[in-house]
Each structure stands twice: as structure tokens, then as C-alpha cells.
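Two complexes are shown next, each including subunit A; its partner changes from subunit B in the first to subunit C in the second.
Moving on to the complex of A and B:
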């Protein structure tokens, strides 16, 4: 099958980092890296642009507008009450609510977006590609678009313990 | 550089002399403003320095000489602040001769607010700040000569002391020096607020000094990741600034008690309104929005702009805390600008002198290797 991926197992993150540098230089598309712990170095070399922050700021702006509209409707239009001689529409007491609701809605909506985008939900069985990824091994996953034989040689050179082809 | 500093100091002296010849009250208010401005930068930098020790931070080891040098202004600031003794009645209402007979509230507060006790408190604050600050400097110097870890432990011990001494007594000092100008008014969070502000602006001053020293070809070890962390400091403190600023305002606005609103009346509704909003935008709104993107903190040019803006913001902040009570009408002229330039020249001269006295990179610091390889 053409959709088989190249999977390389590394037990040393330094070697994986070296391999990633070489693959990045050759502009090979890296699909993902699985590992038992996070390292800044590898994260930097794999991470692609995440659009989640842009969604978060969009949610934040939406939330602040909605909350302002709600507060304005309740305190000014629907049920105006004069508290302690303050003007009916006064901004300072709204600030705290705007601030809190913005944070709350942004957090909840971002969490939902993240789960929806990466197709995970509570109760989903864990998707573990190999038992050793929870212990001591890193797995580098590549697609077949680049010359696979050449990539295998590079990975072996950079110290991969095992290079296989697997469907993921 | 020394010529620039000397010229600035001369401008300052000229401004003080012309100020005393034309308007004594205004000049004393400006001297207090600038004393507090630069003492608060020093205190903020030293609190930042101490914070690195008590949190066992590794990333900042390479730049720790800079906050320490900023703290070097403190002894000079103490002397200049003690000179305020001659101008107390000009600035503080409670120090007027015979005010206790006509003003019942000040008479009630007079066991605390009187000239001898005020001066005693000021001396006590400075003795505490300077003695602990001196110990920090001493052990940092000893560490350069000796690789024994015990000097680091001593530094950390005094950093712990300094956090408490600085935080508690600088809060009291802010209340004493600034809040009592409006002696009928009080705010319980005033001291704490100003102490936290000082850390915000202290960080901005640290960034500016680092950028200047780097432009001269030193401290190239400070890399993108360090700027990123300093930028995060600024961003977090901008939120804290906005929070504390708004909390004092909201409570007074809500309660609407005349003896409290008297402070905000000229500032929020009177002729000072423009500075009220300018201060809010410079210190909170613009830094908060600009620094919101995480990548921005990595760019030295953005940090430079924001830091310069914050130092202007601090001036406006203290200007608005002092001037309505101590002088009255809003005024800006040669006295304000000249005295500020003079103090700035003195401050920079002392900071760069202190920086040149010791190696720019601390030797034998246990976290130095970690700091040199800091990356995110």
C-alpha cells in the first residue's frame, strides 16, 4: 500500500534531534514525533504553525462583545435600577465581569476546539503505537513522498535503532 | 559617555537653581518626584535580583549584574531623599507650621505624621535597604574571587531577607513619601501597589540597560531566550499593574465616600483627566495588547520601545500621584524636564560606574552554565 509510513525508533533524543536537523535541511515532511517526555529541542524542530492562538483571540473578542451586550441589555434596557446614585450605564462595575467571562469562555471554547481538531474526547481508548513509547523510545513518523530508500539510509546513519514501514 | 552624563547633571543643577529662584514649591515637588522615581527603579531591580535567588532561577544568572548595578543608585538616592528634610513644609500639608491647630484630622494623625518621626522612619528604611543591599553586593563580589558554594548560599540567604525587607518597608515608604501628600486621604493598598509597580518598571530599566550594553558590544551571551523571558515578565506585570490600578479605583468609585473620592476628583474628572488616561494607556493597555503575542517578546526592538514607553509611563504615574496634592495646577516646563534629565544623568552615571566595577558576567555562579545555554 502506498499510504504506509516510515517509522523510526530512537532511544536517544540527541540522535533524534540530529536526524530531525538533517530531515529539516532536506525539507522532508515530518508527520509527527511520539515520545515519553517533551524536549524543547525536538518540539522546536517538529512544531508547525498552530492556529489555536488565533481562534483563542477570536473567541476572546466574541466573548467580550457578547458579555457587554448582555450587561448593557440587563442593566440599561430591560431592568434599569439606580444603585447609590450611579448613572444607569456605568462602565467600571462591568470591567470585572467582562474580564472573568472573557477568560472563562475563551478557555472553554479553546479546549473544545482543541479536542475537536485533534479528534480526542473523554473515554476514547488510548492510541498507543508501541508499548515502548510510554517508557524510553521516541518514534519518528514520516510519509513516503520523499525517496524512502534515501531517508532510511540517513536515519540509520543518525543512529535510529529500528526503521520499519507501518500503516498508521 | 561621562561628558553626556555631566552635561545632563549640569542641566539638572541649572533647573534646580532656576526653580528655586522662581517657584520653590514646584521645585521641591519635582525633587521628590525624581527621588521616588529613581529609588523605585533601584528597588524594583533589586527585588527582581532577589526573586531570582529565592526561586532558584537559572536562566537569569548571566544578566544578574545589571539589576545589581541598578541597585547601586540606592545610597545616592538615600542622601537626596534625606535632603527633602528642608522642603517638607513645601510639599506635605501636615508639615506646615501650626496646621494642627486649624485642621482636626491632621491633629488626630499628628502622632504619626510629624517631622521628627517622618525623618526617623526614612532613616530606618534606608538603613535596612542599604545594609541588606550591601550584603548582596558583598557576597556577589566574593563569589567572583572564590568558587566556594557557600558564598552563593549567603547571597541566597540575604536575597530572602531582602525580599521581605524590600517588599514590606518599600510599601511603607511609598505610603510615607507619596500618600501622605494628600494627608486627608488614604488607601490601604497604596503601598503594596507602588511596590509592585516598582518591579514592573525595574524590569523595564533592566531591559534598557542590557540593550544599551549590548549595543556597545558586551554581554553578547544574552540571547533571544533571555529577552523572551524578560518580555514575559513585562507582560505578566502589565496585567498585575492593570489589576492593582483598577482595584484601587473601583473600590473608591463604588463606595463614593467623599473623603476617598477627593483623591480621584481632580484626576478622573478635573483637569488631570488627560494624564489619567494617558497613564492607563502607556502603562497597561498598549503593553498588554502588544505583548500578547508570545513571539513579540523575542524582538529587542519591541522590548526597547515598550520599555521606553514604560519609563515615560512611570513618570506620568508619579507625577499624577504627587503634583495635584503638592502643587495644584497641571504644569510642565523647564523645571520638570531639567530636573528629570539631571537625575537621569546621575542615575545612568552611577549605574554604568557600578557595572564597570565588576565583571559583567558573574564568575563561579552555580547556574551560569545553565543560563548560557538557556533556550526555549
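Moving on to the complex of A and C:
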């Protein structure tokens, strides 16, 4: 049987931030926070840094190598044409296309990675805590790895509007 | 990372998150006003005129345009450069917001990005039509084909294809990603089933999870970071279309930076026009405050100085080069000859009129702001007219000199793009939150 989680509702992001500080100090496992907007302060306290930038760099490097190979193949190997006696292999005009294709592929692949990692895609049914989650309420979801009664007291002290137990 | 704290409160009055949601969704949730239908009718009429012009261009050919052997690039390339320039402001706002962390841009960047998307769509039509046989547009993409040919990768015209396609894709991605949390808000407030289904489909099951939010913020920063050099490269490439040729007036190294500043300048002017209209129609003065308009006016003042300097430098270099052809184009054809009226209109609109923004009273006066923003848009159109037509119509060989007059088809295509822009913007303000609600909420107390 799945255990129940503690869910605390906050309508003030500053009170939520205060509660998160205390929970982090006490090493309570915060599963997630759902809310209408994100402040850097809340993000830092709930999640860790995304690794997406590393993937973006990888995509960029891949794109630049692939595009260079493509340009070299088309202009030097497959169909070399002399434009007014200019060299067949000329790097400077390639720079523009390498730059553009790097941006194009990095955009597409980073976006797809975000979709894949976060599992969000057009048409996905929304599984929301409450309709106010996209309006004015934050929902803090906690693991039961600590004394639930003690946690509830802390949350109420820090200004939670409502503390319940729910199966997530 | 460059950090800059917000210089004034994001929202004019103290508001709760709920109040912000209610006020910012009011334009989408209220009854469709009469002016919207009037605007849509105007847009549709323009589109119909444009449709006829497209039909003529397709069926009869480019002979219906005002082009001649000498002036082979006419209104369509002028309008292409004009629209793509306008588009740059949306990306500039995104860069301000995401990369330079100027939080005040949050309430403007959604609309500015929408403007970018529609302006780039309009811009993209012109080079395609100019191909003469637009149904063969796929020839410009490099793919293995039965003709056993590759495209010319050394040509700025091909770079344009890549630049504009990438730019359109990037603009749509930034615009769409920015609105996902707000589409979720609309989904959860939707009253009828069709709206709920559509907003539900496009909001991708967004549930406000902070884990997703963190990845989302990282992704938008990556996209914003890439958009910054992209936006510079796009207009640089557009400038290279001219600068790599040998025509007097085009063959100059100042063109790329000059085009880029001009693009940002005209785009900001268009943003100002649209923001003033929306601010007053929707009564969202608490979100688009006088300080926002003041900031845009200051950017325009600065842009105007740079543009004015570029005009002077162009003239100086033409004289300093000692080349007869260059001197003729700048000092005779443009400044004192057949094109002097257009030239001095351009100088007045772009370099002189915005100087009024040195006065705080002018920056605070909505009517002056609105009029000057329109003047700049007109001036920037004349700038492209001057660059294109004066160089082509009076080039090296006087026997090939000619005049240029646009035809009804030329005008129709331009009107048609206005139809696309007006209808697109009206659909946008009706069905999508015009201000990034989640960003306004996050920054309402002065940035985070």
C-alpha cells in the first residue's frame, strides 16, 4: 500500500520559503512543490540544478561537427565548383552556416530533451493538485520520512493555510 | 551571469496573485468588444487585397511588379527588410529579460514576441514570392536531388534561408514556451469544453511542479542565450545581402551593424505603438506603467543617435573614399538628387524626431510617444527604400538609369502582410494572455 504524503497549502510565497528553509535544515525529504510561478529562492530550496546545459553543449558540438562534414562533403567532394577562381575549400563562408545550424539543432534537441525528461507533451492530461495551483496557491508535498506530527506543527507555525495527508 | 536588480516595482499597485490573474485574463475572458471585430474586418480586407496580389504574382508573374532591369529588387525586398527589422524587438526583449535579467521586460516580452513571430512570417513571404516561381521554393534547401546539384553555400542569399528559418523557429519556440504556464491557468479557468480541451492540449499537462519549472527555466535561458547571437546574425546576414555586392551605396562595411541597430530601433518603435494601444484599450496601466514606456523611449533615443551617426559616417566615408560613384550615390542621388525627399524624410523621422525624448515631458506624454513611434516606423521604411532604390536606379552606367514606381500588386502584397500582422495580433490578444502572468507574479515585489 502506498503511504500517504503530507501536503501543505500556502498562498504566500514568503511563508512557503520560510517553511522550506526549516524543512531543509531538519533534512525532511521534500518531494516537490506545485505552484503558479517560481521564484529563484523556492527553486533553490526544492530542486537541484538542471543538467540540461551540459546536454545543450553536447548537442552544439555534435551539430557543428555534422554541419562541417556536410559542407565539406557537398562543396569539396561531391560537387566542387569554382566561383570566380576562389578556392574550392573556403572556411570563412562556412562559419555563418555552422553558427546557424548549431543554434538550430541545439534549440530543437534541447527542447526535445526537456520534453522527454519532464514527460510533458501536447495533449498530456493535466494532473493537478487543485485548480488554484495555476492561480495563487502553492502545494508543498513531503515524504513521511520524519515524524509527521512534528512536521505538521512546523508547517502550521510557518504559516501554511492548510495541512492534509494525501496519497500522491 | 549578468545580474541587475529591478529598478522599480513590477506592478504599479500592490496586488495579490489572484488579483493579477483576474486582471490579466480579463481581456481574454470578457465579451469580444466591437473594436476587435472592426480590427478583424480591416485585417481581412487587407488580406483579401493581398490574396489578389499573391494570385497575380503566381499566375501572371513578376511582370506585374514595378521591377525593371535596373531596379530588380523593389518593394518586396524593402518590405522584407522592414518586417524582419520589426521582428527583432521581440527577441531583444526576451534577451533583456532572460539573459540580462531586466525583470521589467517581463510584462512586455510576450506581446513583443508575438509581434516577432507575425513580423517574421510576413518577412519570409517576400523572398519566397521574389523567386518568381514560388512553388519551387524547395529548390533552395540543400537535399540530394535528381538535378545532382547542391545549393551555393557561399551566398548570403542562402544564408538568409537558414537564418530566417532558424529565427522563425526560435521565435515561435520562445514565445510558445513562455506561455505554457499561462495556458495552464487558462485551462483551469476555462468555462466551456472546447476552451478547456484546446488550452489543455497546448498546456502540455502543466501542473506547476517546481522540478519541471527548474528545467523549464534552464531551457528558456539556453534558448534566450542562443537567441542573443542569432538575432545579431540574422540582420547581419540581411545586411550582407547588400554589402557583398559591388553597387555604390551597398558595398560598405558599416552595413551590418547599421542594419542591426536599425532593426532594433524600428522594432522598439513598433513595440511602443502596440503597447500604448493595448495599455489604453485594456486598462492595464498597472502592468505596463509609465516607466515601461519611458524605458522604451530611452532605448529609441539611444538608437536614434546611433542611426544618425551611421548616416553621417556613410556620407563621410563616401566623400573620404574619393570614389566618384560612391560620392554620387550619397551626395547627389540621395542627399540632393532624385531621392532627396525620401532621404530627408528618413533623416527627419529616424535621426531628428526621436530627439524629443530627451525631454521627460515628451516621454511622459502618451500622444507624443505614439506619434513618434509611428514616425520612426515610417522613417525606417524610407531608410530601406533609400538604400535599395537609390543604389539600383542610378548605378555605374547612366544609360541604364531608371525610375521606380510600385504597382498595385506591389502595394497589395505589402497590404496583405499588414492583414496577416493585424489579424494575427488580434487573435493573439483575444486567445492568449497578453502579459506573462506567471512572470509578473514572480517579479511583482521587485524581482527575485
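Couple of notes before you dig in:
As a convention for this text, the second predicted complex is superposed on the first by the 165 of 168 C-alpha atoms of A that agree within 3 Å, B and C clash if a C-alpha of one lies under 4 Å from a C-alpha of the other, contacts with A are read in each partner's own complex, and residues count from 1 in each chain.
As a working rule, contacts are C-beta pairs under 8 Å (C-beta built on N, C-alpha and C of every residue); 3 or more make two chains touch, one makes a residue touch a chain.
The structure presented is a predicted model; accordingly, all values stated were derived computationally and were not measured.
In the superposed model, A:21 makes contact with neither subunit B nor subunit C. In the superposed pair of complexes, A:93 makes contact with subunit B and with subunit C alike.
In the superposition on chain A, A:147 makes contact with neither subunit B nor subunit C. Of the two partners subunit B and subunit C, more residues of subunit A are touched by C. Using the contact criterion defined above for the overlaid structures, shared-chain residue A:29 touches neither subunit B nor subunit C, since it reaches no partner.
Using the contact criterion defined above for the overlaid structures, shared-chain residue A:136 touches subunit C, although it does not reach subunit B. Of the two partner chains, subunit B is the only one touched by A:84; subunit C is not. By the touch criterion stated above, A:164 is placed in contact with neither subunit B nor subunit C. Of the two partner chains, subunit C is the only one that A:110 touches; subunit B does not reach it.
Residues 40-41, 53, 86, 93, 96 of subunit A contact both subunit B in one complex and subunit C in the other. Contact residues of subunit A toward subunit C in the complex are 11, 32-43, 46-50, 52-53, 56, 70-71, 74-75, 78-79, 81, 83, 86, 90, 93-94, 96-97, 99-101, 103-104, 106-108, 110-111, 114-115, 117-118, 120-129, 131, 133-136.
Residues 246, 249-250, 253-254, 256, 292-294, 375-376 of subunit B are the ones that touch subunit A when the two sit in their complex. Put simply, subunit A touches subunit B in their complex at residues 40-41, 53, 57, 84-86, 92-93, 95-96. Residues of subunit C that touch subunit A in their complex: 16-18, 21, 142, 148-150, 152-154, 159, 162-163, 165-166, 169-170, 173, 177, 181, 184-185, 187-189, 200-219, 222-223, 226, 229-230, 233, 237, 438-439, 441-442, 448.
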